[in-house]
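Structure first, then comments.
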Amino acid sequence: MSLSLADSRYGRSGIRLLKLTRRGDRHEVRDLTVDVALEGDFAASHREGDNRAILPTDSMQNAVFALARDHADGAIEEFALELTRHFLADRDQVERVRVRVAQHPWTRIETGGRPQNHAFARGGTDRRIAVAERSRGDRTPVVDAGIEAMHLMKTRGAGFAGYLKDRYTTLSESDERILSAELNALWRYGWPEIPYAEHYRQVRQVILDTFAEHDSRSVQHTLYAMARAALEQVPPLIEVRLRLLSQPPLSVDLTPFAMENTGEVFRPAEEPHGVVEAVVRRDDLG
Amino acid sequence: MSLSLADSRYGRSGIRLLKLTRRGDRHEVRDLTVDVALEGDFAASHREGDNRAILPTDSMQNAVFALARDHADGAIEEFALELTRHFLADRDQVERVRVRVAQHPWTRIETGGRPQNHAFARGGTDRRIAVAERSRGDRTPVVDAGIEAMHLMKTRGAGFAGYLKDRYTTLSESDERILSAELNALWRYGWPEIPYAEHYRQVRQVILDTFAEHDSRSVQHTLYAMARAALEQVPPLIEVRLRLLSQPPLSVDLTPFAMENTGEVFRPAEEPHGVVEAVVRRDDLG
Amino acid sequence: MSLSLADSRYGRSGIRLLKLTRRGDRHEVRDLTVDVALEGDFAASHREGDNRAILPTDSMQNAVFALARDHADGAIEEFALELTRHFLADRDQVERVRVRVAQHPWTRIETGGRPQNHAFARGGTDRRIAVAERSRGDRTPVVDAGIEAMHLMKTRGAGFAGYLKDRYTTLSESDERILSAELNALWRYGWPEIPYAEHYRQVRQVILDTFAEHDSRSVQHTLYAMARAALEQVPPLIEVRLRLLSQPPLSVDLTPFAMENTGEVFRPAEEPHGVVEAVVRRDDLG
Amino acid sequence: MSLSLADSRYGRSGIRLLKLTRRGDRHEVRDLTVDVALEGDFAASHREGDNRAILPTDSMQNAVFALARDHADGAIEEFALELTRHFLADRDQVERVRVRVAQHPWTRIETGGRPQNHAFARGGTDRRIAVAERSRGDRTPVVDAGIEAMHLMKTRGAGFAGYLKDRYTTLSESDERILSAELNALWRYGWPEIPYAEHYRQVRQVILDTFAEHDSRSVQHTLYAMARAALEQVPPLIEVRLRLLSQPPLSVDLTPFAMENTGEVFRPAEEPHGVVEAVVRRDDLG
């Protein structure tokens, strides 16, 4: 039987790294999880157990630690780019490198109303993401940035009505419902060497502004409005990829207890959830 | 064979509840998880399957929803107390009621620098806790408040040295190490009807202040300093129970790569972890 | 700014379902998690909040429950296919339907050496998976089957040597190491209406046989051997997609305690892990 | 302010350990998680940062690894006992040692109908537990054994009726419902040096037998029946501690779709859940 090998890739995932940067008396911490994946010609290892083209994933992890010393103090996009540069160099069997860096949020503890120099508390649930990809032969790497697992809720300005009904539809139309969703976003920059940290903050704020202020007619409607606002307001963006996991909290029926529930008591639910995803792109890029 | 039945209790755990409060144009949300447990004489159900003394846990959940409508807008300690009152009333077989309420953090989204009235983002990892216990015959319930799963890290002012060594000790003494810990705290109030929300904020801030500023010689040392500061600075407290899960990030050895690592690159680790716990009480309570 | 909308899809994920089938005095249970996703023209909902083409995901969940009554007693592949048929019918705006069904393992409790008719215990960690996809215009749906989260370990017959070294390589070559991996597999059937349950058991056993008996020179080597054996021994398969997350347990250094550790005491570790993935296909399909 | 320090304890939790035992050509694996906790006089460390009585938790972990080499090949109860002996010896400040060992299930892969000597697959969700406690001055340690996170379900022979109703009761009485529960059990042995592995299997089987065959009138009823059967049938047991987390799968209402659901389609739910716990003891122990 003749067999072909496709989509072959390998690497190391879940590399945990804490980088401490001392700026005078002020410490900064970056708490990161790094994933490295290589694509290329690894057929001999698969077919014959000949590992001459295989760099151990343990060596990848060591390289992440070593390169972190000098390259992990700036934006995580730059660290991801540096790692792709390293893993592509001098290795002809590697065709493509993908590095993903997730930054776990820590905020400075405030004492006496002032931020501390050396003490931190774990922040929200959402993580900042950077993904860099570099292919042999391409001069420009691809850089994506994003947000993972940001939980948002709005209690006014969201409805869902006028939808398709079939024989299994029991949902009531609503002009006001609670919109509660986990947002996962990834956006692509159209050119490199930009102030990544500043753009991250801008896109994040545009997403929050839109979520808060948009008159939402559906999850799709809100998702698209977020993507459009980001593309319109932050010029280096050429594409936004969004994934919303939504689960409207359910109003609890209190009538068996001779009580009214006028939008006060709800059951939040994690599962099952609606999933809406889309990619929105600028068309005018020639 | 003669058998005795001890420590018999039952209830409902993990009741998820979202309470929306409208104050004019401004909405407030409380995202809660409630656990209810009853102790008492349930032997007939155990021994003979006679359920006449058993209120279904489903009814407990319904009561939590119904009572939430009018009693969940204030401090979670007050909601917990109201629930204990309800579950103890008119039920002679119930000897003791314990209600635990955990509040999941949501913060207002800011747009244009101003907090939104109806839009929220999920805050940190830590949850505010209230526990109320009420026993038949006792006039005063017990109220505990606390913090669950607060992650703290300090990069200066923590050492660990002068400890006991045995034949399995390989750890190096250190004057400066990173202290990284998950804090779980529960404190007891000496009298009821106090401004619980304000005291919660006070104790939380005292814990953060102490963590940041204390010259820590061990996890035990920091734990005790936190408890003492809370007892000294917040008068209604009579007891503080703390549990710290600690795991110092490990310095990565870069010498195989001809590099120095002067306290810059670490591996954070979740497991295994040190666990230190203690209860600190005021002695002068007569 | 002109924007295009790509890769738009939505649906319901995490629908939990327990199907009880009575065959005379013997009960069967299927504990399932179902995900439904639709692709098609939903641009009006995104762009204008016009939801006329949007079937609520709540209706999808209702349909899953309703169709489960008569269609969830056989192989999960057949249930997934039936659901794709339903969601594509009579809805011109839907171009493609994808349904994924995961089956959580329950085994019969044995009492007196005999399997019980009505009592079950939760089995292993791995889940059986079925994925069906159906596109408007295509006569034949695509059916994939698989295994999720199967944890395997072998303590003999696995080495890793002869690999590429760079300046960050510290790993020692080994002729014998413990291979410990989480396996995720998905294979494609070349034609429909086959005995899915029987083929599932065959492929699962082939994977186990290969894992146990293969003289492994690397994770890649074992992955490919599994895929090849499955394609060779189970004719309806045309493609196998494998993903192995591997983390060799680390030998603990006992020399500081004047003890030898000759392959007896290890630290298992979940993170970080190596990831190897590949798709292996039959070439002779014309 | 005068403060007292109570319930002070510390240790190391989550120590992961894989022990490989070679019996001729046949390998055995034990995949363990070990927790160690010491109680005693650690006040100087708390109050003054004087660590002379504090053995680092890192040394505890090293000791677990070192002692595992020679003492982890038998029953986990014996390994736990050996660890308590070690941690109490030669340390006057330690009053009490508690060691908990959890064993994660691995089963031999079968190929050609025969169990393999060196290849394993991860088994069910439940873990075997051993807890040993030893106090200074006591000649006999306390040994508990147990089961953690065993998921059980029965589809016949369980009802819940005749219970107390209040104004919040909406649950319908039932002669037949699905009983689905997570069981956590811990039993105490009345004397040491017994065949722990054999007794573990006996108690586990008695629990399964009782769950399957008992005519259950409530979760309490089943819990007590399990405990009684274990105490009656396995003589060294003097006490059984059970905790059941139960959540009956909910029958789905199909009447909106003009369909009947005669006990076929259910929604399993993890949260919220009923919790029932009790300790059952033999009275005739003098």
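Order as written gives the chain letters A, B, C and D; numbering starts at 1 within each chain.
Here is the rule we go by: contacts are C-beta pairs under 8 Å (C-beta built on N, C-alpha and C of every residue); 3 or more make two chains touch, one makes a residue touch a chain.
Source: prediction; values computed, not measured.
**Student:** Quick check for the class: compute each chain's Cα centroid; which one is farthest from the centroid of subunit C?
**Tutor:** Relative to subunit C, the chain with the farthest C-alpha centre is B.
**Student:** If you tally the C-beta contacts for A-D and for B-D, which one comes out higher?
**Tutor:** It is B-D, judged by the count of C-beta pairs in contact.
**Student:** Using mean CA coordinates as chain centres, what's the subunit B-subunit D distance in Å?
**Tutor:** Computed from C-alpha means, the inter-chain centre distance equals 24 Å.
**Student:** Quick one: report the Å distance separating subunit A from subunit D, using the average Cα coordinate of each chain.
**Tutor:** For subunit A versus subunit D, the centre distance works out to 38 Å.
**Student:** Go ahead and note the Å separation of the Cα centroids belonging to subunit C and subunit D.
**Tutor:** Computed from C-alpha means, the inter-chain centre distance equals 30 Å.
**Student:** Among the residues of subunit B, pick out those that touch two or more other chains and give their numbers.
**Tutor:** Touching at least two other chains: 16, 62, 66, 168, 170, 256-257.
**Student:** Where on subunit B is subunit A touching in the complex?
**Tutor:** Listed in rising order, the residues are 16-21, 27, 29, 31, 62, 65-66, 68-69, 72, 106, 109-112, 116-126, 150-157, 178, 208-209, 211-213, 249, 252, 254, 256-257, 259, 261, 263-269.
**Student:** Please name which positions on subunit C make contact with subunit B in the complex.
**Tutor:** 167-168, 170, 256-257
**Student:** Name, in rising order, each residue of subunit D that touches subunit B in their complex.
**Tutor:** 1-16, 35, 37, 42, 45-63, 66, 91, 160-166, 168-171, 216-221, 223-224, 227-228, 231-232, 241, 245, 271-284
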